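Below, chain A partners chain B and then partners chain C, in two separate complexes.
Take a look at the complex of A and B:
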């Protein structure tokens, strides 16, 4: 069940992001940006990283989307100025194609796509891998070093079980205390910057 | 099949059913004055409806973002205060104190007041 929902959420994220960049009304684009954030947060929660997923919804949807909406309110856009039709719209296709192919090529170098049973696509990816190995000598480092947390589900060998947010709290406030103080100084700087940029009187 | 899954299935079904009932059963007599947006009686002529955007709205939203980040970093302390007892509490106090300096600066400068109270 979780695998299907992961794929559905990933598809929802990609579709929403496509609709963000291609919708003509800016407010509709921000609505689809909210949908991107919700789908990404759901994906993260399903992966087990609950704290980061909830923080996505709190911060991205709650504050950053509001900033986007304020920017759209500030810029006086007339909808007839930004709607492009015909050859004005299709002139962007070659550049989009080039950047898309570059992105897919780089991701394929790091995480090879695995599409089983489709001979044409596997032939294409094998050809690309062959060309890669001719021109670029690369040590295939593996990304499999994932730390598995020791979390037994049998009651008689589990000493204690912490929630994920509890584990973060333990580490952040004891071993990562210096990082937390540095983070507070960064937030203080981020607070003073808008105040000083937007003041009228000199103090 | 637990409660959260039933919630995730039931809520979209309910919202779609309510929307579909509205589309199917509600009478529609729309004319131009009803469909166009209402702007307190002004006609939608460019230049009459938009006033200058005050920057204070943006400053309020951005400062809310910074304080929201602070609250997010205080969430793990709220669940683990018993385990990190005194040391963690002092760390959180220092964290809070540094951000309170920023808060005092924000209040004292009057950065988010819409009316000019510091002349």
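Take a look at the complex of A and C:
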């Protein structure tokens, strides 16, 4: 069941990202961008990467795309200009096809793909398996959960029982402190540079 | 070392708040001094004995080795040298104030982009030095971003000129694309092996390739990931099949930025490739061979038809990169030595050429420079602008021709030796076809260097008299340091023959130290 939902979300992400590129109106493109982020966030949350999924929604949807939307509305580009420039780029379709085919070939080589990976096709058999599991199997995961709830102070469990945010923070502030500093420098550059670029001047 | 330079940098960033008191001239000098100081500090670390085998710092995310320190020094020194290439602004502004006291205020002087230039240059240098010593895929990506982000901004710095803005935008988009490729490669490697550290990646690859029969899924994932990363890196250094952006960007951005673009990002990324490259994976070897071949051929042949001088130099850069990749791919002690030597030679000659071009630009278009403080108009764009310059400023044009000869690889000069070393090691390890093509390429490229020199020495009968009269009256625009620098670099290129041991020995020691580790 969860598998099917994941696939639907992934399909939604892909579709709406295609629509972002292909829609001629920039406002609609941004709205599709928001839907891309929502789908991706849902995908992440379903996978169990809750923190990053939530931060996707908070940061991208909440701040960045709304900013995009405002900027695009403020700039007020004429639609006809965009359509004209778009038609210029269609000359490059053969090149794009060649590169795309090469890329897909490479990806196909890397990722082992078989028909049984697609959940929609195998949904029926999955369902039967699931029912079989219900009746015939004993669920190991539930046993682990029971173990956890009854013996909360086993050494192994207490070491591994980080919250996600705690785990990220632990890694970031101990192991990756240097990375954090480098990130902060990049951020500093990203803050100073627009000031330089957009300041009024005459030279 | 890195941390200290970081502190220096932060101090330097704090200075803009009191910038009104500092003249931009002073600011440039200050940052040049900072660069030299940082270079001195990185030289100091050679006294630590454990540096020979390499020290991992920041929980293995970065690694300091002898070679990274040397390249740090090289980068800092060239950075400080490039900064001296700015003309003196104080003199100009006083002149302006004399001419029209009412209109021109101090603001004009402050608004000159050189303070921003030195600041952003510091950011990107920090990224470069981090990049050289990075020993982890994440730190690699972050420092590449830091470096190239600075460079994008640098090329857009003259935002009033349309060409510079378009160059910056193009550079930004394509650089973003290549960063995406690098990131994709990193993600592939991580998803297949859960490894981001270089050391463990090496060990994993050597284990996987120890028996050729048993190549699993993991190895294909890692190979494709590495290939993607390397393609992204080749994009950034503008090697041949991915070179299309380079001539446009170099041509459109002002010369003072072009110096930085052609030299600094390339040094660091090439050394990073030296770190990453692994003999065992054949696909990577092929990738580099093809890229070297194509960049030698394209760089020489397409360069023949250029009329703009910076485009021509961009194509010559591409062919130089072909040579460096050739040296990289052979991967023996000799070839590594040749590679390091070639990079040092390339920075020196390229630096000198662009410095001379700047100086010529300042002297030719002196009036524009003095009146408006307008740097971008004072650049030389066409080769034909150099016509007959030998008769106006003979010394500059003699040194320019020496530089070009050295780039072409005429025997007694520095450039000859580097090409000689590369070709020698190539033939020694059996790359006959490639070395023949490289020789042919360097011969062809010599013709376009000679074309510039010919234009330089043929007299333009109409305008030269007028120019001469002008030159006598006005004082020099080029700063003392700038001319001193050109002179010493030219002498270095010329007189390398008499005392080659200084560079050669250190280079040899470095390449030995690399191969001792392996």
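Here is the rule we go by: the second predicted complex is superposed on the first by the 124 of 203 C-alpha atoms of A that agree within 3 Å, B and C clash if a C-alpha of one lies under 4 Å from a C-alpha of the other, contacts with A are read in each partner's own complex, and residues count from 1 in each chain.
Heads up, the rule we're going with is that a contact is a pair of C-beta atoms (placed from the backbone, for glycine too) under 8 Å apart; a residue touches a chain by one contact, two chains touch by 3 or more.
Not measured: the values here are computed from a predicted model.
Once the two complexes are laid over each other on the shared chain, residue contacts for A:106 go to chain C alone; chain B is not touched. In the superposed model, A:170 makes contact with chain B only, not with chain C. By the document's definition of touching, of the two partners only chain B reaches A:59; chain C does not. Once chain A of one complex is fitted onto chain A of the other, the partner contacts of A:185 extend to both chain B and chain C. Put simply, more of the residues of chain A are touched by B, taking chain B and chain C as the two choices. Judged by the touch definition given at the top, the superposed model places A:4 against neither chain B nor chain C. In the superposition on chain A, A:73 makes contact with chain B only, while chain C stays out of contact range.
On chain A, the surface patch touched by chain B in one complex and by chain C in the other comprises residues 174, 177, 181, 183, 185, 188, 190, 192, 201, 203. Contact residues on chain A toward chain B in their complex (touch as defined above): 51, 55, 58-59, 62-64, 66-67, 70-71, 73-74, 76, 78, 163, 165-166, 168-170, 172-174, 177, 180-181, 183-185, 187-188, 190-192, 194-195, 198-201, 203. For chain B in complex with chain A, the residues that touch the partner chain are 46, 50, 53, 55-59, 61-66, 68-70, 72-73, 75-77, 79-80, 83-84, 87-88, 91-92, 94-95, 98-99, 101-103, 105-106, 109, 111, 116, 118. Residues of chain C that touch chain A in their complex: 6, 9, 13, 57-59, 61-62, 108, 111-113, 116, 119-120, 123, 126, 130, 138-139, 142-143, 145-146, 149-150, 153, 156-160, 188, 217, 220-221, 224, 372-375.
Interface residues of chain A, counted against chain C in their complex, comprise 106, 109-110, 112, 174-179, 181-183, 185-186, 188-190, 192-193, 196-197, 201-203.
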